[in-house]
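Here the structure comes first, spelled out in structure tokens, and everything after it is commentary.
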Amino acid sequence: MGEKFRIAIAGASGYAGAELVRLAAAHPCFTITAVTSEKSAGQAVSSVFPSFKGIVDHQFEALAPEALTERADAIFLALPHTKSQDPVAICIKAGKPVVDLSADYRLKDVDIYEKWYHAPHGHPQLLRDAVYGLPELHRTAIAKSKLVASPGCYPTAAILQLAPLFAKGLARPETIVIDAKSGVSGAGRSPALSYHFPEAHESLEPYKIGQHRHTPEIEQELSGLMDDVGSVTVTFTPHLVPMNRGILSTAYCKLVQPMQLSDLRDLYREFYRGERFVRLYEDIVPNPRYIKGTNYCDVGVYMDSRAGWVVTVAAVDNLVKGAAGQAIQAMNLMLGIPEDTGLTAAGSYP
Amino acid sequence: MGEKFRIAIAGASGYAGAELVRLAAAHPCFTITAVTSEKSAGQAVSSVFPSFKGIVDHQFEALAPEALTERADAIFLALPHTKSQDPVAICIKAGKPVVDLSADYRLKDVDIYEKWYHAPHGHPQLLRDAVYGLPELHRTAIAKSKLVASPGCYPTAAILQLAPLFAKGLARPETIVIDAKSGVSGAGRSPALSYHFPEAHESLEPYKIGQHRHTPEIEQELSGLMDDVGSVTVTFTPHLVPMNRGILSTAYCKLVQPMQLSDLRDLYREFYRGERFVRLYEDIVPNPRYIKGTNYCDVGVYMDSRAGWVVTVAAVDNLVKGAAGQAIQAMNLMLGIPEDTGLTAAGSYP
Amino acid sequence: MGEKFRIAIAGASGYAGAELVRLAAAHPCFTITAVTSEKSAGQAVSSVFPSFKGIVDHQFEALAPEALTERADAIFLALPHTKSQDPVAICIKAGKPVVDLSADYRLKDVDIYEKWYHAPHGHPQLLRDAVYGLPELHRTAIAKSKLVASPGCYPTAAILQLAPLFAKGLARPETIVIDAKSGVSGAGRSPALSYHFPEAHESLEPYKIGQHRHTPEIEQELSGLMDDVGSVTVTFTPHLVPMNRGILSTAYCKLVQPMQLSDLRDLYREFYRGERFVRLYEDIVPNPRYIKGTNYCDVGVYMDSRAGWVVTVAAVDNLVKGAAGQAIQAMNLMLGIPEDTGLTAAGSYP
Amino acid sequence: MGEKFRIAIAGASGYAGAELVRLAAAHPCFTITAVTSEKSAGQAVSSVFPSFKGIVDHQFEALAPEALTERADAIFLALPHTKSQDPVAICIKAGKPVVDLSADYRLKDVDIYEKWYHAPHGHPQLLRDAVYGLPELHRTAIAKSKLVASPGCYPTAAILQLAPLFAKGLARPETIVIDAKSGVSGAGRSPALSYHFPEAHESLEPYKIGQHRHTPEIEQELSGLMDDVGSVTVTFTPHLVPMNRGILSTAYCKLVQPMQLSDLRDLYREFYRGERFVRLYEDIVPNPRYIKGTNYCDVGVYMDSRAGWVVTVAAVDNLVKGAAGQAIQAMNLMLGIPEDTGLTAAGSYP
């Protein structure tokens, strides 16, 4: 296999971080050299996540970004929003490729970042260099970049299900409704009443209606596809559903002119031709249960011609294509290895 | 308590039928005299549903509509679609008040019925007499009627969450998107692969996109509120979610003119003033877990003013306000007893 | 209905407390006059539990036991273990009947209490007057008592499934294995990692193996049935299962002499003859789904004659027969009203 | 990588079969040449299991054992009980190594087979050659065998959690109680009322008490460890729990003489030293959530010295170590490749 890249994962005691550890541990070109966690520093990874017993021998350590850059050839940061700004800058300064899973470098417009995240941005100049880490849209730029901001889980589904329509100028931007549903792991690993089992089970919770922070990412990318920044404003409603993993996003839009469903599907096929991680569905409808543990984004396009709406459905595993898997996909590109390395295993079913 | 009404429940081995038995057994003015089921005829109700052991002593019998009319003062029919046409006619001929839980008498336009249900209607003249059994919209007509067609589970939520907007002419009819999510009991009690536990668990399934049969009910009622039959065409996407009971409906619409959220909420409050079974939410968002086992429809109105959408959320228990409870609410009106009789218990939590 | 008893419920922001509120609100002889909660004092009950919106108008208040005794004819205390010792004493001093849902007055032997609960008992003399609130075993004593200690959820199932064997001296006391499984509401409403949805879902957790505090209650009561205190030592393993409500207890024992299954079942039938809340099963096996929201304890007796074991299965709703319902059943006895008042509704299914 | 073994999988449209396909597709030394299914013959594997879309290109075909032997170097049979007898014989006659996942060749005593499976055995002479496919107990024999009968899911957990005690003669054979809990995928993929989502969710179902067909396997293997066939009779109670995957087995036994827990744990460590797929737990208790999708059997040993019982807990993924993974582990041995080939990926969490 040749020499392996030394990999550091910061913020690895959350679910996305643990998923990075899982995928990196099985990645044929990676060898993990450091995993950090503020709250679990000093503990064995396998005592926090017994699933790693016998597989991952590391201990969590506290984050020391400078030191980390010396022990790793490539760095994943899965830190909370706003906490990633400085560590990214330190890694970049050290010349190491970074995939940042937080929102800190996703939004090109610093004002929009500061408005939605209620925090100043300490490195606005780095935002210019950061690439939004959705390989299906930005493959070439990712491959050339040192700093990739990995997309949010909801935006991954929402952008991929709508991208072909926007790229071709077919969608009426003012008609976009995105109704998304996520498993509870999307809320992270910190206990709170909303995620307490008896509250979240036999429950279905819309939240942050019209106010979720993933909204501006979606708008940035869809606008970008139209070459018209700021031209798209979507309404986005996330819901918490009683399952562990998976996002299902149902997006509605009207077309600028009538189309046949078959033509629309041809257009999607063309747009995603050769994409390893986008699967297009017709008779079967995408469902999170088909993509558990995998890096796929499954997309289906349907038409309610009676009512005049296109309905697209996308499913991702929020922790893989919606987080850790996509981050590795981008890093593979940055490191010049095949894009799907370490990401080819089938999902378990059921 | 005075004399009780003798009640027959046909089709009681499904979930909606069992819920009718549960509620009727505890109803202070009802005494159950017959429960029918083709597939369980001859078995004790409590052997099919052990939850009734010690509470309901009846046996299931095969359906014989004429005979039934002699043993009951009021009749609930929870039969499959198309199977209810004749039994309803027989009960009506016998002069007995009927609440029909099937779709057979919900649609005023027989052509629309035949198109969506792929079956002829044998009693189109009876359609004219039938009242759509949503008391919040048709209370007076229900009270005077002998034949009430109880609404579908999804339409109950969808109509109630949108009715005030349509009644006031505020909604732009071409902008209505209804994204609804249902627990699996909504699919009935017949086993099939889609509802097999390992398939339906950790799963989220959109189905019948743009083609669900509850769509024309919603359009009929919203059009009716505008006094303009046929004027409303909605896109409706149901989803199956891994919970037993409950529907959450998220509906999107644009207004004919901008409004303040507070004014909109005032309008809902006014529209539903005095309604026993509609609860309006503001800070807390409706969630099926708050209405389990109850006849409430919880409604919340939110505004994404940035994107120009009104987002309404409604929650019902698909087997109560979406089926058995609403049927009893209507029957109470038809029998001249207080509308909430037998429907006042709080839901269990969690 | 005549005059109603004024009821106070202390510790009502937990799940057992909320269930007391639900059942008391529908109880024909009760009127709630006070509900307390330290952490939610000042909030409306219906804002903490939206399920009560439109049904329960009270506000939570801080607990002031003396004042409470003046505003209530009967008092339920659903406080944490060790926190109930003094409030009980105050209520008793004021002459008001008390059902205490904590463990503080369940164990007759103060040493055993202090050993298992790691706390001194401030009112050992009151322990002598307290009655263990399992009506099926202590009906007469409960009816005469002012202080009833309501059993734990696991012991309710375990004792009722084994009582006939011990009462008749048929069980070999050294062979008792109790393997019990509980829904997560049994762990209370305080969030913690073990009950965080993604951890508790698709999970099955044995805990406190051989060390659960409900063990001495079981031993006390089974020993008592043999008139030989201290003669029974059981091994008890609780498990957390991914459901909201319900306990299933599977208990194993060997008999002092061989018996026919039919004779054993006759013995159970005789023992529980006339018991309103114990249902005996044969072909169907008890399952928490048959008793949701109800005060039943369903019991089934089976025999593995090949291996020489009697296997008994019991199901209760941990929040009803395992907590609030049983407390009301006892209070009904204490107040001289029919034992099943307010406890007769069928469980919802599914 | 060298030449790959051509692999046939018969009965691949069930859950265990699909798991064989998943693991075989990722196995570095396997290439799948045929997958069979009677009911799905002619359909693409990826249309029956969309999770395989883009990964597995095969079509299901009808089973033709002779033809299969020509197209495969090694054969997995995941057929229903009794249906595997002849296909196994045909494969053996053709000289191809077979791992049979049915029960048809697990029991050495043909009378016991015929009694528990209510069917004659057509190839009793082959039973003598068959090896029970639990590598931790029969590694050498498996490696030399052409016919391996892969253990049932429950026995895998039960035998491994008790084996050290029996191998050392420490357990009192008449005291063994095995209380096991399984996710619903263990019941297979054919819909039935018991596995219908609304019935199996919020449900906990003991079944086949003292009568489950996995019992004689457990007794055969534990007796074998004592070198005293027929000496062990266990009582075994399986339960269906509302999760997709995973078995948790809680087994109770008394010792022939008192021991310290630390000595007992040393004994387990010694017994399982070097075993790749048995992980021993102490403070953390085994839980199916730690082994999802993996070939581990996690085992914990605890002692209730107060009551005089040893309590052991084992967790397996019923579809991996309890079926497909264990079958591959055995086949690896039979083919002379490293035992853990294709079985090293960490489980996903959560």
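We just call them A, B, C and D in the order they show up, numbering each chain from 1.
Keep this in mind: a residue touches a chain if its C-beta (ideal position, glycine included) is under 8 Å from a C-beta of that chain, and two chains touch if they have at least 3 such contacts.
Everything numeric in this text was worked out from a predicted model, so none of it was measured.
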Pair joined by the larger number of C-beta contacts - A-D, B-D: A-D
Distance-maximising chain from subunit B - centres being C-alpha averages: D
Centroid spacing, where centroids are CA-atom means, of subunit A and subunit B in whole angstrom: 39
Whole-Å gap separating subunit A and subunit D, where each centre is the average of the chain's CA atoms: 36
Rounded Å distance, subunit B centre to subunit D centre (Cα mean): 47
Multi-chain contact residues (two or more partners), subunit D: 15, 183, 185, 198, 201-202, 242-245, 287, 289, 292, 350
Residue numbers on subunit C that touch subunit B, as the complex places them: 15, 18-19, 22, 25-26, 47, 49-56, 185, 202, 244-245, 276, 279, 281, 284, 287, 289-294, 296, 298, 319, 344-350
Residues of subunit B defined as touching subunit D within the complex: 15, 183-185, 189-193, 195-198, 200-202, 242-245
Interfacial residue positions of subunit C with respect to subunit D in the complex: 174-175, 177, 179, 181, 183, 198-199, 201-207, 209-211, 233-235, 237, 239, 241-246, 248, 250, 252, 285, 287-289, 292, 302-309, 311, 313, 315, 350
